[in-house]
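Each of the next two complexes has subunit A plus one other chain: subunit B in the first, subunit C in the second.
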Partner chain A sequence: MVIGTSPPRRDGMDKLTGRSLYSDDLRPDGVWYGATVRSTRAHARLRSVRRSEDFDWSNVVFVTAADIPGLNVVSLMTDDQPVLADGLVRHVTEPIALVAAPTRELALEAVRHVLVEYEDLPALFDPLVAEGHGVRIFGEDNVYKRIHIEHGTRTNTTAHLIRGRYTTGLQEQLYIEPQSMIAELRPDGGITLTGSMQCPYYIDRAVKRMLGHDRVNVAQAVTGGGFGGKEEYPSILACHASLLALAAGRPVKITYRRDEDLRATTKRHPAIIDLATLVSSDGRLLELHGRIWMDGGAYHTLSTVVLSRAILHVQGPYRCPYVDLEGTVVATNTPPNGAFRGFGAPQAQWAMERHMDRIARHVGMDPLALRRLNLVVDGDVTATGQTLRNPGGFAVLEAAERAATAPVKRKHVRPGVVGAEMREGRGVALAWHGCGFTGNGEAKIRGTVGLELRGNQVAVLSSSTDIGQGTETIFPMIVADTLGIPMSRVFNTAHDTGFVPDSGPTVASRTAMVVGGTCEKAAQRLLRALREAHGEGDFDTLAARAAAAGTPMRVNETYEVDASVQWNPDTYQGDAYPCYGWSCVIVDLRVDVDTGEIIYDRVVTATDVGKALSPVLAAGQIEGGTLQALGWATQEEVVLDAQGCMRNDRLTNYIIPTALDGPEMVTELVEIPYEGGPFGAKGIGEIPMDAPAAAVAQAIEAACGAVLDSLPMTPERVFAAMEAR
Partner chain B sequence: MLRCEAPVFRPRTLDEAFAMRAAMPDATVLAGGTDVMVYLEGGVLKPTRIIDLWGCPGMRELRFTTGGQVYGAGLTCTDVLRAMHSHPLLRDAAATVGATQIQNRATLGGNICNSSPAGDTLPVWLALRAEFELGCVRGFRRVPASGFWRGYKKIDMQPDELLVAIRVPALAGHMHFRKVGTRMAQSISKVVFAGRYSVGKEACLAFGAVGPTPMRCTAAEAALVSGASINEVVSLVEQEVLPIDDIRSTALYRRKVAGRIVRRWLDNLPRA
Partner chain C sequence: MIVRFNCNGRSVQVDTPPMARLLDVLREDLRLVGSKEGCGEGECGACTVRVDGEPVMSCLVPVAQIEGCRVQTIEGLGNPIVHAVQTAMLATGGAQCGICTPGICMSAAALLDVDPHPTPDAVRVALAGNLCRCTGYQKVIDAVCGALAEREA
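And now, the complex of A and B:
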């Protein structure tokens, strides 16, 4: 058995030694370089878009919306976003035109010689103002979606009413490798796209609809991180590169510079969350009323699904007999927000965990005792009426508490810190995270995996990409153990839509749990097929017979949704997720009361992963996600100018944690198996994003009394909160 | 991705460097390159020619004279951290610059001549009453650190001059360095402070990132020397600094933190 051990990751050595070829390293013969002419206005009519006459255009191609052969739409959920602006721009950095040239420098120079005349329109930046405003960005009322859930029975006992508002800001995914895509013309007049991506089939569909024909295939290049930022956005680069390749009659590559990537691409949705609870005097939740507003930006992207996940997680891992939740995601004239690890759940649980601390303050209880009192147990029912079976809240809480009894080793601090200004604090937070798609998502997607016998080796064909999380390693482990052969004889093929089936997108903590589960079933099907064709025997015997017979052997397996899972997308009632992961985070930090700076000394996490398929990869996901969450908590702030354009568009001023900012991490993997996952595995990609920020806020409060209900808790905000005490 | 076609000139002696500088006043001078490379990548610098002082002999030594130390302008932060007898205040500053890779290339002279108001080592020179030794084909002259930064990115240096060395007198007193950034490495100062105080005799309270140039709070210094209370000194510091709001922080935060740093230091000094 290789499952449960940690073999070296398949892509590890090439990445470590610099041999991996990322999209920007690939240089097809005759490749030209593409660049994008972008809006400098938040909301404007385009009077004219023309090429300056004082520039030599002879060696440059130029493309506008008029050159699009099919639909001028970035296909995703709603056809509202154009590939290139056609008469109107709704956000700063919106693509207006494209150029390509033999060198990047010439392409960038050409961009500066495209003249755009604007007629400015009133622009809206605040979702609370934009909702129902007369200036139209989307539909009748600038509302992408409103979701309402009501469940349970109202209380008739006297109770404390406790209200609070909690907010979160934009966050950039900050994959190490910026967005990059190459389009090449095929001999049949079609196009091959190769690039940095999470979801080849999203791009496949988007480019086909834009071109108006099906002669398209999409292949993933080695991808340097995604975190959701390469879920839907790469479709835009793919459409752009395709248009330029057609115009130039040669391959075209588009690679964003970091500053362009920061200004133009999607971010985490900012949220404003009002919570009001009725709580008994002994601390039990009786009613939860929640109102969520999210800023979707100028186009829909995946906003309605992000809102959905926010609303389904806002209750947190707590029992509440009555819930009344309403969420609204609103259009504004800012660059569209999109997928980001956690997908609405981190914002929602930041709010609920802060609210639990507010309740604790109000009723005079210890924050942890309050959580224990309300933490869900077997048989409790969620806001959607789903009955929870064997929830892991207490298991992760106990595992984290056990690990946190070890003394904290305090980190070395900067020179000049006297000592007396550093105040220690500890904070605890809990979270749950629905694994896989919401509701009937998997039933709609019907993700498929192919297995192909090649001699005595087995190829895994899927569209599930490796973006650092370990797909190239995990799938072969699952298949090898199911077939009873060494892992060295199983490998993933390239993720190319020309020959792999659609396994669904690489998102939503679903790759190992759902597609990995499909790999397991596919391997069982392969064994059955071999036995039917070649009699009894182990895999090696049967593979040898198949090879001798010379008949190709290929099976496809499609994910089947458990029939007992019921979901009504109209009422939002039923089984919201097939299973939930659980996490508890205990943060030990110090606050510098002179400056509001935070030193993270230790973060203990305990996470229910179902089954750690590869403990090293699982811990890697959790530790990386935890550090990303700490960045969201105290460092990462997007500063916008008057047009809604990101001003701190450099790694020197958009601050994410470095290795030196990272705390000691103690990572406890708790295994409560999910019978629907391979070997019991649950999704783990996103849950590490959920709890840390709230644990940090509680720790800051414990250290210095400053109460912060807005993210990010930058030193400036911590300082102001201390002054306001 | 980074392309620069400008010819690069590498002097083999200090005299050759002066001659090159005199012949090419338009050239960009590169020491460690940790600022120049960023400017090139960002497209804000389009050099015609580059004089590369990295490896120019005679500029990377730490010497001792009667009454003080002389730091070669080409010494890197790592050199400072490795040298046995480099000044503790300078060591503290060098240790907070960028991260290891940056410290390996970043030079003392580069930090001084780049003259960013947020340069991490610059308040140290003010606190230590340093003199900058400038050289050119016409000869040498010395400029006190306190008069070198004339305005935002304006320095007292002629087009044919190069910074050769920094002279630091031997001084007694309490010393303190403190940098405030948002993270532990690769962080640009929001407030940076270097202080020196000989009780009843002399005080220097020098800041970076709170004004258009590195600056001293002279009124607060005078108050401190004359025995004013810590509250009075801190209040003067808060009045004297000239911070602005920018994408890194706010004026209010910088002003108050400047005061807090001074207060914490003075509060913790051993009572005379």
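And now, the complex of A and C:
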């Protein structure tokens, strides 16, 4: 068995020796470089878009919306977002025109010589103002989606009413490899796209609809991080590169510079969350009333699904007999927000965990005792009426507490700082996270995996990309153990829509659990097919017979949703997720009382992963997600100018955690198996984003009494909160 | 101008504008694409190479400055024998998406030359200029701390 061990990752040595080829490392013969002319206005009519006469355009191609052969739409959920603006821009940085030239420098020079005349329109930046406003950005009322859930029985006992507002800001995914895509012309007049991406089939569909024909294939290059930022956005680069390749009659590569990537691409949705609870005097939750507003930005992207996940997670891992929740995601004239690890759940659980601390303050209880009292147990029912089976809240809490009894090794490296007055604090937070798509999502997608016998080796064909999390390693492990052969004889093929089936997108903590589970079933199907064709025997015997017979052997397996999972998308009642992961985070930090700066000493996490298929890869997901959450908690702040454009568009002023900022991490993997996942595995990619920020806030409060309900908790805000005590 | 330097043990000369970035000379002229560009302004460290043994951000170095220098890139670090830090990173899971990994290996190798058994704090200082968004750094630090331990055991 290789499952449960940690073989070296398949792509590891190539990455460690610099041999892996990422999109910008590829240089097809005759390639030109593309660049984008972007709006400088938040909301405006385009009076004219033309090329300046004082520039030599002879060696530059120029493309506008008029050159789009098919639909001028970035296909995703709704058809509201154009590939190139046609007469109107709804946000700053919106693409208006494209250029390509033999060098990057010439392409960027050409962009500066495209003249755009605007007629400004009133612009809206605040979702609370934009909802129902007369200035229209989307539909009748600028509301992308409103979701309401009411469940349970109201209380008739006397209770404490406790209200709070909790907010979160934009966050950039900050994959270290900027967005990049290459379009090449095929001999049949079609287009091959190769680039940095999570979801080849999103791009495949988007480019086909834009071109108006199906002669398109999409292949992933080695991808330098995604975190959701390369879920839907790469479709835009792919459409742009395709148009330029057609215009230039040659391959075109578009690689964003970091500043452009920061200004133009999607971010985590900001949220405003009002919670009101009725709580018994001994601390039991009786009613939860929640109102969530999210800022979707100027186009829909995936906003309705982000809102959905926020609503479904806002209750947190707590029992509450009556829940009344309403969420609204609103259009504003800011660059569209989109997928980012956690997908609405981190915002929602930041609010609920902070609210639990507020309740604890109000009723005079220890925050952890309050959580224990309300933590869900077997048989408790969620806001959607789903009965929880074997929830892991207590298991992860106990595992984290055990690990946190070890003494904290205080970090003392703070170059340049001497004699600061530091206060120590510890915070504890809990979270749950629904694994895989919400409700009937998997039934709609019907993700498929192919297995092909090649001699005595087995090829895994899927569109599930490795963006660092380890798909190239995990799928072969699952298939090898199911077939009873060494992992060395199983490999993933390239993720090219020209020959792999659509396994669904690489998102939603679903790849190992759902597509990995499909790999397991595909391997079982392959064994059955071999036995039907070649009699009894183990895999090696049958593979040898198949090779001797010379008959190709290929099976496809499509994910079947467990029939017991019932979901009604209209009422939002039923089984929202096939299973949940559970997490507990204990943060030890110090606050510099002169500056408000936070020093992270140690973070203990305990996470229910179902089954750690590869403990090293699983812990890697948890630790990376945890630090991304700490960045969101205290460091990462997007500052917008008056047009809604990101002002701190560089790594010198959009600050993500360095090795010096990061804490010692102690990572406990708890295994409560999910029978529907491969070998019991649950999805784990996103849950580490959920609990850390709230644990940090509680630790800050414990250290210095400062109460913070807004993210990020930058030194300035911590200092102000200390002053306000 | 013609710039001559030693790159991964070989003498090379390139004809280039003097202010061309070392990173571009490596990637475009010499086709050594293991050094990556993550920000282009010396913040992310994905382009880290060693010049006369010191780790430098090659996106900030005008190529004229390296006339006569010894430059080592990731292509030269593990060649012909994989460096101990590369082996250790593979074992601990210090590489995920891999885009920052070449730069981290170069900074770590430079540290290990002067401090073969660094403390976690020393590694955090040495790698403070190499941003990683995937790992949370713990497995990277474990790798660098233990890279040379096995060899001498």
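One rule holds in what follows: the second predicted complex is superposed on the first by the 718 of 725 C-alpha atoms of A that agree within 3 Å, B and C clash if a C-alpha of one lies under 4 Å from a C-alpha of the other, contacts with A are read in each partner's own complex, and residues count from 1 in each chain.
Here, a residue touches a chain if its C-beta (ideal position, glycine included) is under 8 Å from a C-beta of that chain, and two chains touch if they have at least 3 such contacts.
Note that the coordinates shown come from a computational prediction; the quantities given were computed from them, not determined experimentally.
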item: Which superposed partner A:Leu21 touches (first subunit B, second subunit C, both, neither); value: second
item: Subunit B versus subunit C as contact partner of A:Arg163, first or second or both or neither; value: neither
item: Touched partner set for A:Pro415, first subunit B, second subunit C, both or neither; value: both
item: Partner with the higher number of touched subunit A residues, subunit C or subunit B; value: C
item: Touching partner for A:Thr626 - first (subunit B), second (subunit C), both, neither; value: second
item: Which superposed partner A:Arg45 touches (first subunit B, second subunit C, both, neither); value: neither
item: Which of subunit B and subunit C A:Phe719 touches, first, second, both or neither; value: first
item: Touched partner set for A:Gln635, first subunit B, second subunit C, both or neither; value: first
item: Subunit B versus subunit C as contact partner of A:Leu660, first or second or both or neither; value: both
item: Partner chain(s) touched by A:Lys444 [first = subunit B, second = subunit C, both, neither]; value: neither
item: Touching both subunit B and subunit C, residues of subunit A; value: 257, 415, 650-652, 658-660
item: Residues of subunit B touching subunit A in the complex; value: 1, 3, 38, 42, 91-92, 95-96, 99, 176-180, 182-188, 190-191, 193, 247-250, 253, 256-257, 260-261, 263-265, 267-268
item: Subunit A residues within the subunit C interface of the complex; value: 6, 8-9, 11-22, 24-25, 173-178, 222-227, 257-258, 411-413, 415, 467-470, 616-617, 619-620, 623-628, 650-652, 656, 658-660, 662, 664-665, 667
item: Contact set on subunit C toward subunit A in their complex; value: 27, 32-41, 43-44, 46, 73-75, 77-79, 82, 86, 89-93, 95-102, 105, 120-121, 123-125, 127-141
item: Residues of subunit A touching subunit B in the complex; value: 104-105, 257, 259, 414-418, 420-421, 594-597, 599, 635, 639, 647-648, 650-653, 655, 657-661, 714-716, 719-720
